[in-house]
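Each structure below appears as C-alpha cells.
Below are two complexes that have chain A in common, paired first with chain B and then with chain C.
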Partner chain A sequence: MTEFALSSQLAFTIVAVFGLAWIAFGWWLGRANKSHEDYALAGRNVGFAFAAATAMATWVTSNTTLVAPQLTYQFGVWGMIGYSFAALGLILFAPLAKRIKELLPHGYTSGDFIRLRYGRAAWYVFIVISTVYAFGWLVSLGMAGGILLQALSGLEYHIGMSAILLICVFYTLFGGLRAVIATDFIQALIIIVGVVLVAYLLMDKVGLESIHQNLSNDHPQLLDLLFPAAMMFLFNNIFFGLGEIFHSNVWWSRALAFKKRVAFKAFFLGGLLWLPIPIVTGFIALAAPQLGIFPPSPDMVGPTVAASVLGEVGAVIVFIVVFSALASSLDSLLAATADLLTRDVYHKLLKPQAGDAQLLKVNRYTVLLLGVLTWLLCLPQLSSLGALLNFTGAFVASTIFPILLGLYQRRLTGRYACAAMVLGTAIGLTGYFVIGFYVAALLSAAVSGAVCGVGVLRNRQPFDWQRLSEQEPSA
Partner chain B sequence: MRRPLPWLALWVLLLSLPLQALSQRTDANNELTLSGPGVVSKEGYFTLQVGVPVSVGQAAQPLQIAMSEHADMSAVSATYRPLGDFQQLTLSGFADGSYYFQARLDDAGNDAAEPLLSDIVRVDVKHYSHAQAYGLFIAGALLFSILVILVLCLHRTRNTDNHG
Partner chain C sequence: MMMSAETFQLLIVTALILSSLAPLILLALYVKDLFAKDLW
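Right after this comes the complex of A and B.
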C-alpha cells in the first residue's frame, strides 16, 4: 500500500512543538490582560502591522488551505479563481470597519450593534444566525485539523482533530484576543512564506504544460470556463464570504480592537494580500490527476498533492502552513464567539449587573465550553468541509443588507431587518435543500436585500444614531 | 422557570456522538465490492467506495479501479488507485456520459491465481444546463453590482457628513 508523506510520529511531534510554543506564548501575552476589555478587545490599541496581518491570517483558514483545493478539484479553474473572490469580503468590509469604529467607539460585539440599532427581536435572530455559523465554522476547522493530519501522515482523524483543538483552546484561554492577534501575526508570516515556497517548488517540479496536457485529455471539464456548476457556484461563494465577514464578531471585534484610522487600511490590505492565496492553493489540486492522486474525500487533495510532489521536507512545510492557517482561524473564532456569548447572552440577557472580573471569568469558561462542544460535534465527521460550510451560507448571507444599511441608512427599522434575516435564511435554506448548495447564499442575500429595500422605502421615521451610545450599568 | 429537558436532550445527543464515531467502522465481508454515487452526477465529480474482504493478505498489490466507457469493460480508458489505505476515492472533471468502473485486487492471498474483481458499477454524468448556469451567473452579478454601488455611495455620502 502507498506510504504517507510524513510518519505519524513526526506529524505529532510538529503539532506538539508548535502547540506548546503557542500555548506558552498565549500565557505570556495573557499576563498583560487586566480587564475584560483587555481580554476581549486587546485594549482597543492594535496597530497597522498587526491589524493587517490578523485580517489576512484569520481569513486564511480551512477555506483557503483545504476547501479552495477541494473546489478546484471539483470545479476546475473556476474553483480557485472563484474562491479568491472571497477577498472581496475583506475589501468591502474596509469602509464598514471604519464606520463601525466611528459609530461604536466603546462597542464590544456585532450583537451589541444589532440590539441597539434594531431592537431585541432582530437581535435574537442575529444571535441564532451567529451561533449556527460559528459552530459550522468551528466544526469545519476542527475537522480540517483531523483531515490534515490524516492526509499527510495517516494519523487517526480523531487524534489529530483533538490535538489541534486542544492547543487552540488553551492559548486562547490564557491570552484572549491579544494572544490571538499576536499569534496571527507570526502565523501570517509562516503562511505567506510557505505558500510562495510551495508554489515555486510545484511549478519547478511538475510544470504547467504537463498538468494542462493531462487535464485536457482525461478531465476536460476542469479547464472549461463555461463549466455550468462552477458558474453557478461563483457568485454564491462571493455572497457567502460577504455574509461571513459582514456579520461575524470575528471581524467586528477586530474593527473595534484596531486603533482609530487603522481599520480601513488594515482590512483593505488584508484583502489584497489574501487574494492570490486561494489561486496558489487551488492550483495545487489541478496537479492531482497527473500525479495519480485520487483522494478519498476532495478536501484532502491539497495537502496530499503538495506532500507527494515536494517529498518529506515539502510535506513538513505544507503541514506547518496549513496547521498555522487552521490555528489562526480557530483561535479567532473561539475568542470572538466567546465574547459574543459572554457579552450578548450572559451580560445583556442573564446577568446585567455582572462586574468586569466576573465577565472575564465567564469569557474564559465560554472558550473552554466552546472547545468541548466543538470537539464533540467533530467526532463523527458527519459531512465534507465544503458541504458543512455551504449550509451556513444561507444563514449568513441574510445579514449582508441589514448590516450594511444599518450602519449607514437611518430608515431601515428593526422589524424589516428582522424579517429580512428570517425570510432570507428560510428561502436560502429551501434553495439549499431543493435546488442545491450553489443557490443558498445567493437566494438568501437577494430576498433579504429585497425586504430591506421595501423597509427603507416605506419607513418615514429615521433612526437616531445617538441611541447607539449605550451607557454601561455600573457593576 | 427552569426547563431541563431540552438541555438534557442536547447533552445526551452530544455525548452519544463519540459512540457513533466508534461505530463507524467498515463492515467486513468476503467479496471485493464497489459502489458509486447512486445518483446522476451533475457536477462531473463523484466518490467510489471499495469494500476489501478481511481475508486479503498483506502481500496484496495496491487496489486498482478501472474505468471504461463500455458496459462490459472491454476497453479500459483509465485506472485509478485509492490513496494509502483508504477504501474510497473521489474522481472529478468528467464530461456528460456514462462511465463504468470495476475494482481489481491482484495477489489477494486466495488460492486462485485469478485477481479478485468487483461488480461493475455505472456512473452517469449529466451537467446542469447552460441556461440555468447563465441565469444564476447573471442574477449573482446584478445583485453584487447593486451591493458594491451601495457600499461606495453610502460610504462617500457618510464621509461628507461626519455628523451622521
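Right after this comes the complex of A and C.
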C-alpha cells in the first residue's frame, strides 16, 4: 500500500476534468454578459434556485470540510455543533439582504454603501479591512488547494495550488458572477451528496453505537457538553462568521444580484441547508480514535478517516467534495473582490468618467491580477490555514455594528463608524497577540459596538436614506 | 456532563436526513424556476 490515498495521476486527472468542464461552462455562460452590470451582478436577476444554492455553496469552504472535522477531533461534539452555528451568519443576513435591495437599488458593492452612508474616511478604512480579509481568505483557499492535493495524492504543493487557482481564475474571468453562481449550483449538489455518502457509508461500516461506546470509554471529553474552551470558541466563531458575512462584498454582491423578491428567502434557505453540514463532516472525525487514526495534521482527519474506511472510492469522493468546496468559495471571492476594486478604487477614486465598456475590461483584468497576486502570496506557504483566517477575525468583526446600524439606524454618523472600525480592529488585534486567536473577533465586535452605541446616543441629526439611491449617469 | 448515546444518534441521524433533503430541495427549486423561466 502506498503512503497516499490516491495516485498523483488520478488526482491530477480529476482536477483537469473538472477544471476544463468548469472553464468551458464559464465561457458558455459568459456569452450572455453584455455590460459591466451583467458581468459583476449577473444582470441583477438571479432566481431562487441559483440564489439559495450559491448562498449555501459559497459558505461551504475548505474550512467546513477540513476544519469542522478537525475541531470535532479536538473539541468533540461542541466542535461540530459550534461550527454549525456559523449558519447564523447566513440566516441573519437574510433580512439585511432585503434591506440592501430596498436601500441601494442601483448599488454595486458593500463599499458603495459605506461611502454613501458614512463618507470617505470610513470608506477608506472599510476598503482596507475588506482587502485584508479578501487576501487572507484567498490565500488560505489557494494554500488549502495545494495542501489537500499533496496530502491525498502526494502531488507537489505548488502544482496543486497553481492548478486550482488557474481553473477558478479562468472561469470567473470568462463568465463573471453568472458563471460563479451557476457553477456554485453544481458544486453545492456535489458537496452535499459527497458528504452524505461518506457519512452514511461510515455509519454503515463502523456504526453509531460503536463510535459512542468507544468515545465514552477512551475519550469522554469529546462527548462532554460542558467543555469551556469549546464554548469560548463557539461564541468567537459566531462573531467571526457574522463579521465575515455582514461586511464582505461576496455576500453584498449576491444580495444586489438576486431578484428583489428572492433576496430574503434565498439567504434564509441557504443558511438552513448549510446548518447540518458541519455536523455531518464533523461526525466523520469522531470515528478516528476508534479506527486508531492519528493524522499528522489535524485538519486532514476527515479525508484520512474517509480514505481509511472506504478505500480509494472514499478518497476520490472526499477529494472531489473538498475541491468543489474550494472552487465555490475561491470563484466567489475573486469575482466579489474584483468588483470591489473596480468599482470602489478604479471607478470612484481613480477614473470617475470611465464608461461601461472600460469598467467591464478593468473588472476582467482585476480578476486576473488578483489571481496572480494570490498565487505569489501562496508560493511560500507561510502560515497555517487557521492562523491566517483567525487573524482577519479582528478586522471583520469591527464592521458588524457599523453595517447593521448603518442599514437600520439613522443616527450613526461616519465619524463614529470610522472610529468603531479602527478601534475595534486595533483592540481585536491586541487580543489576538496578547491573549489568543479565540478572543480577537469577540473583542473587536465589543469595542466597535460600544463606540457605535456612543455615536447613536450623541448624534441628533438623522441620516436621509434617499442619499443611498445613487444612480450612474447613462453611458 | 456527557452526551448520551440516544442524543448522539439523534443528532447525527437528523443532520444526515436534513443534508440528504438539501439536494432534492435545490433540484426541485431548479425545475420550478426552469419551467417558470425564472432562473435568471
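Just so we're on the same page, the second predicted complex is superposed on the first by the 458 of 475 C-alpha atoms of A that agree within 3 Å, B and C clash if a C-alpha of one lies under 4 Å from a C-alpha of the other, contacts with A are read in each partner's own complex, and residues count from 1 in each chain.
In this text, a residue touches a chain if its C-beta (ideal position, glycine included) is under 8 Å from a C-beta of that chain, and two chains touch if they have at least 3 such contacts.
Quick caveat, the model's predicted, so the values are computed rather than measured.
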Is A:226 touching the first partner chain B, the second partner chain C, both, or neither of them? both
Which superposed partner A:119 touches (first chain B, second chain C, both, neither): neither
Between chain B and chain C, more residues of chain A are touched by B
Counting only touches as set out at the top, which of chain B and chain C does A:199 meet: first, second, both, neither? second
One more residue to check, A:209. First (chain B), second (chain C), both or neither? second
The shared contact residues of chain A with chain B and chain C are 220, 226
Which part of chain A faces chain C closely enough to touch in the complex? 32, 42-43, 45-50, 52-53, 56, 77, 81, 178, 185, 188-189, 192-193, 195-196, 199-200, 203, 208-209, 212-213, 216, 220, 223-226, 269, 273, 275-277, 279-280, 283
Contacting residues of chain B [partner chain A, same complex]: 14-15, 17-18, 20-21, 24, 42-45, 47, 62, 78, 80-95, 127-130, 132-134, 136-137, 139-141, 143-144, 146-148, 150-151, 154-155, 157-158, 164
Under the touch definition given earlier, write down the residues of chain C that touch chain A in their complex. 1-3, 5, 8-9, 11-16, 18-20, 22-23, 25-27, 29-30, 32-33, 38-40
Residues of chain A that touch chain B when the two form their complex: 1-4, 73-76, 92, 95-96, 99, 102-103, 151, 154, 158, 215, 218-222, 226-229, 231-232, 234-236, 238-239, 242, 289, 292-298, 300-301, 304, 373, 376-377, 379-381, 400-401, 404-405, 407-409, 436, 438-439, 442, 445-446, 449, 465
